[in-house]
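Taking it in order: structure first as structure tokens, then the write-up.
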Amino acid sequence: MKNPSKIGVGVIGTGRIGKLHIEHLSQIIPDAELIAICSLDTETAEIFAEQFNIPKVTSDYRTLLDDSQIDAVIVASSTDTHVEICQAAAEAGKHIFCEKPIALDLEQINETLRIVEKAGVKFQVGFNRRFDANFRRVREAVASGEIGEPHILRITSRDPAPPPIEYVKVSGGIFLDMTIHDFDMARYLIGDEVVEVYAVGCVRVDPKIGEVGDIDTTIITLRFQNGVLATIDNSREAVYGYDQRVEVFGSKGMVAAGNPLTDTVTFSGSEGSRTASPPDFFVERYKAAYLSELQAFIQCIQEGTQPPVTGADGRAPIVMGYAALKSLRENRPVLLSEIL
Amino acid sequence: MKNPSKIGVGVIGTGRIGKLHIEHLSQIIPDAELIAICSLDTETAEIFAEQFNIPKVTSDYRTLLDDSQIDAVIVASSTDTHVEICQAAAEAGKHIFCEKPIALDLEQINETLRIVEKAGVKFQVGFNRRFDANFRRVREAVASGEIGEPHILRITSRDPAPPPIEYVKVSGGIFLDMTIHDFDMARYLIGDEVVEVYAVGCVRVDPKIGEVGDIDTTIITLRFQNGVLATIDNSREAVYGYDQRVEVFGSKGMVAAGNPLTDTVTFSGSEGSRTASPPDFFVERYKAAYLSELQAFIQCIQEGTQPPVTGADGRAPIVMGYAALKSLRENRPVLLSEIL
Amino acid sequence: MKNPSKIGVGVIGTGRIGKLHIEHLSQIIPDAELIAICSLDTETAEIFAEQFNIPKVTSDYRTLLDDSQIDAVIVASSTDTHVEICQAAAEAGKHIFCEKPIALDLEQINETLRIVEKAGVKFQVGFNRRFDANFRRVREAVASGEIGEPHILRITSRDPAPPPIEYVKVSGGIFLDMTIHDFDMARYLIGDEVVEVYAVGCVRVDPKIGEVGDIDTTIITLRFQNGVLATIDNSREAVYGYDQRVEVFGSKGMVAAGNPLTDTVTFSGSEGSRTASPPDFFVERYKAAYLSELQAFIQCIQEGTQPPVTGADGRAPIVMGYAALKSLRENRPVLLSEIL
Amino acid sequence: MKNPSKIGVGVIGTGRIGKLHIEHLSQIIPDAELIAICSLDTETAEIFAEQFNIPKVTSDYRTLLDDSQIDAVIVASSTDTHVEICQAAAEAGKHIFCEKPIALDLEQINETLRIVEKAGVKFQVGFNRRFDANFRRVREAVASGEIGEPHILRITSRDPAPPPIEYVKVSGGIFLDMTIHDFDMARYLIGDEVVEVYAVGCVRVDPKIGEVGDIDTTIITLRFQNGVLATIDNSREAVYGYDQRVEVFGSKGMVAAGNPLTDTVTFSGSEGSRTASPPDFFVERYKAAYLSELQAFIQCIQEGTQPPVTGADGRAPIVMGYAALKSLRENRPVLLSEIL
């Protein structure tokens, strides 16, 4: 029987990120109780239920919405299911943690946010990088005025290897799939809205990516309402590992987060010194951030506060993604106000 | 009922390290099944049993030794109980993982190792730092010949703050309480035996430490059988955090492990640049190492192999500690052969 | 009497850079003989002549052109005099080392380059940063294929403090005064031509800069003929010192040059660790590069080879500067082919 | 004719260090005038005289002592000539800058210091590393109390390659030839006297060094009067370059000087990141320090102040060297008071 002092949670989706949430909810977050998991992959779901002592397993997410022990759902299923599940969950009065992106269709996002708002449930979007201790420290340095008035933001974000071409095809393109994290990071670090986007891009990593209409290398310029200028660069393949650095430059100084490395060892020989690489895998890099975001979600339910990443925060990077795409196609800066 | 394919484990002791082992055994190590825990602090033990779903709780370690489901015990109780428990466990045919130090009395250690050997059980000593990924990488660089023939070893090991004076009194002194880790690290990194020790030391951190007959600052010189020279420096208080670095210098290069830092952020202002500190707490620094050593212990039982840290490895640093103490008192280098 | 085996040199201009060239020619470059210096500031010129044992001082550059002992002139006078002096020097058959920019007027540059070419004299432009050992090492890593095919170039270039407003007024604007170095660096590092420029900019450092029609903060996107994408960011004021970093990312890795620091000292305390800043002054940062470029100039005369920075190299960044200005004004990407 | 406002200087010795002093005196130090140089290698001396415009060349140092234009001599000849020249120079009323070591014989040093004191001339010893900006910054952090009360000093000093065996034979051994710099550095950084020395050492680099009675690898422990403990490690061969680092640990923090590197470039690839090595050659590493020490010498003459490195500073490391040698031979800590 559920502990009444805990938040009852159901997890929908048992992919890589779903599994991580299941682990964290069942083992580490004391204020949550994992009541049920839902997956179309019933075999994996059964294994997880066994491994993590989860009472209930289902392949129909409505079972979770009907369960009165469940206060909140974690939506970690494939992107095309988010809208339907989120809307149903809101109508069932469940609080919602939804993986990014909410959807690729702006009208669907708008509709979902309207339903969520009307239902009055908490709605948090899974921009996990905001919870990374390094980026958080950078945000604090900006918010506290430690670097004075911010002038320039630089974000580098490069994946260790491109996803399978089948995934690229349905991903919505690099801006909605990959840069979306950087768009969110830009808004988070500066604490202001972007008004204009300019993107250049090309295919350098793999011609197949070009053949399906996408690019794999891009530089994006952002202008913020408050005058800050930003540059983001992305690549689908950095052979030295997952490369995600940010730097904010302001009137009183600069704050920058570098890559963590897999060890602290230096070898010095006749050819110079060698140090380790950043991790190759996003789970390794952001494990603690995934835990923190979920803890924050449980906490905002308990304390009745606003989630730290709102529906509006989930929507804005999608708008920026469409602006970037339009900019790339028309080779001109695009105002966000031009989108929808 | 216990899963027959898993190693049944009982944990004795529920202090900081005992708790860590309990967490790891109950949540992360799939090949182990935590059957029971034992503690004189029954309240804490009950809380852990609840939190980690442990079937059995007792305040008498013999209950664990009598339990046929239990294949191995983790001895994480106070140092003065190690010998009795280890000897009884060996006689009960249980494999043993014993926290360091085995004991402060060499004769008792010898007796315990004899009993363990006679019983034919696995016996691993908890020198967790050997399992730290950074130090492990250094050892590999030495063992593989990457730095050629080793010439000089430097170890720095400084605690963030001295322990309570009541602890200092019964700790056996800095050499047996703190340097013991560095003595083990020295043997581990070089893969050879030390033959002579010279120690200088003084009281710089807190006069109270001197009043109870101990020192808080020391530099120790080691000579290895294979000719390598080593220097260790220790302090009971480093205001910038837990400082543990090693460096091995050889004919083809140098390999060094620095401190991990709590974040990767740099702030640059008119006064220069600032970066983070190492962690303050040993659990934060060595969490992954504590997990690895336990995994290795479970694995050596399953595979019937030699534990990676043997009884002899547990004994040698104690001998070095007594040699260092004698060296300090007599202000001369002391051969290890002079001890016992 | 001049040593016939040496290149006879005259220096025109005795400002900060002129003085540096005088020092290097008189003291360090064995294959050059400094015959005469020319300056409208005759007092300073006399002091230098005394200090560095220079036989001849004049306030009329034609005196140098008439001197048969002089094989080459260093043009380090104010920018508005470069064209006249370079053209006269070429017609007098003197080899020319001309400080950047050749001129702010493209037609004048074209005319000058025509005259120089007709005269058949060597003509090197003073883009000193190409001779910095760090940037040179980056260029080598790109040229040698060490990083594979280059994909993305990032350049950060921030001055420690803005120049006097009187200087800003006649500087030609940030793109022709400051970014010009980065435009050259971009071409140098990638070894290819830029085809399109997009610039955003604003006034963040000092409103006075805006009042005279200039900006002090900018981000510029470049597209190269070979497909490489580049981003440059500039600020007129970095409180932590002269900040000039480059990074080239490619299919096999990344090569980056960081800032040199004024010392190698780290202080670690309870607030973390502190390290030094980069130098504040461009002469301190680039002293060795100024020497190298002059040595290369003397050498190309002696060996009859092509100067390492040609007239075309001097012209291209000016074209890029005008493209950036047009881009900023019209808020659109501008093709270099649109300029002239 | 000599400029009467300048200090007239004569340099004795035209080896690597003599040449450096000649360069600095003739080109960079405005308050000095290089009047004459003296060398048994007359050919080299003539070349330098030509190259640096030095009026007088001689092979007899007495010629310099007889020259009334010469106020000060730089003694950079071979060690076995220092005593005779310094004594004669003092008696001739010349100020003296003497390269280290003053001599290898303590009685001769004592006698020389007596004569110098009686003559009332300035006497500075060439411990150039004290003038290195990095080590100077460390000293300031100790002297100012920035690190609180100092507890532990660590010095690493490793040469890139051993000297020729013929040099080793007459060098006085590693302690007097190489560690002498570290002994001086230890006294300089802590600002206190050493009372006891313990040394271990062996032959690891080259058996030939052992055959001539010397060692090439050593660790030395020092105890200071004020209670600070220090450890020095030396090797004659570090394949990654000239390795000279210091670290002072105290009650309020730690200050450390790392090695400068030959460039600021990082290459990141699938094998991790690579950075440059420290310089291989002591002149490259300490050029600026050699200049500073000479400027300080000229300044102390002009201002009538005490030289920054006194005769006593020149003597103390020799005493420490003999104590280390005695310690090594007798395998016990040796008090400095045991020497002489």
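Letters are used for the chains, namely A, B, C and D, taken in the order the chains are written, and counting of residues starts over at 1 for each.
By definition in this document, a residue touches a chain if its C-beta (ideal position, glycine included) is under 8 Å from a C-beta of that chain, and two chains touch if they have at least 3 such contacts.
Everything numeric here is computed off the predicted structure, so don't read it as measured data.
The minimum number of touch steps separating subunit A from subunit C is 1. Among the remaining chains, the Cα-based centre furthest from that of subunit D is the centre of A. Centre-to-centre separation of subunit B and subunit C, using mean CA positions: 58 Å. Remark: subunit C and subunit D have CA centroids separated by 39 Å (rounded to whole angstrom).
Within subunit C, residues 239-240, 252-254, 268-270 each touch two or more of the remaining chains. Residue ranges of subunit C in contact with subunit B, taken from their complex: 239-240, 268-277. On subunit B, the positions that touch subunit D within their shared complex are 149, 151-152, 154, 156, 158, 198, 200-202, 204-205, 217-219, 221, 223, 227, 229-231, 233, 235, 237-240, 243, 249, 251-254, 331-333. Only residues 27, 53, 133-134, 137-138, 141, 146-147, 252-260, 262-270 of subunit B touch subunit A when the two sit together in their complex.
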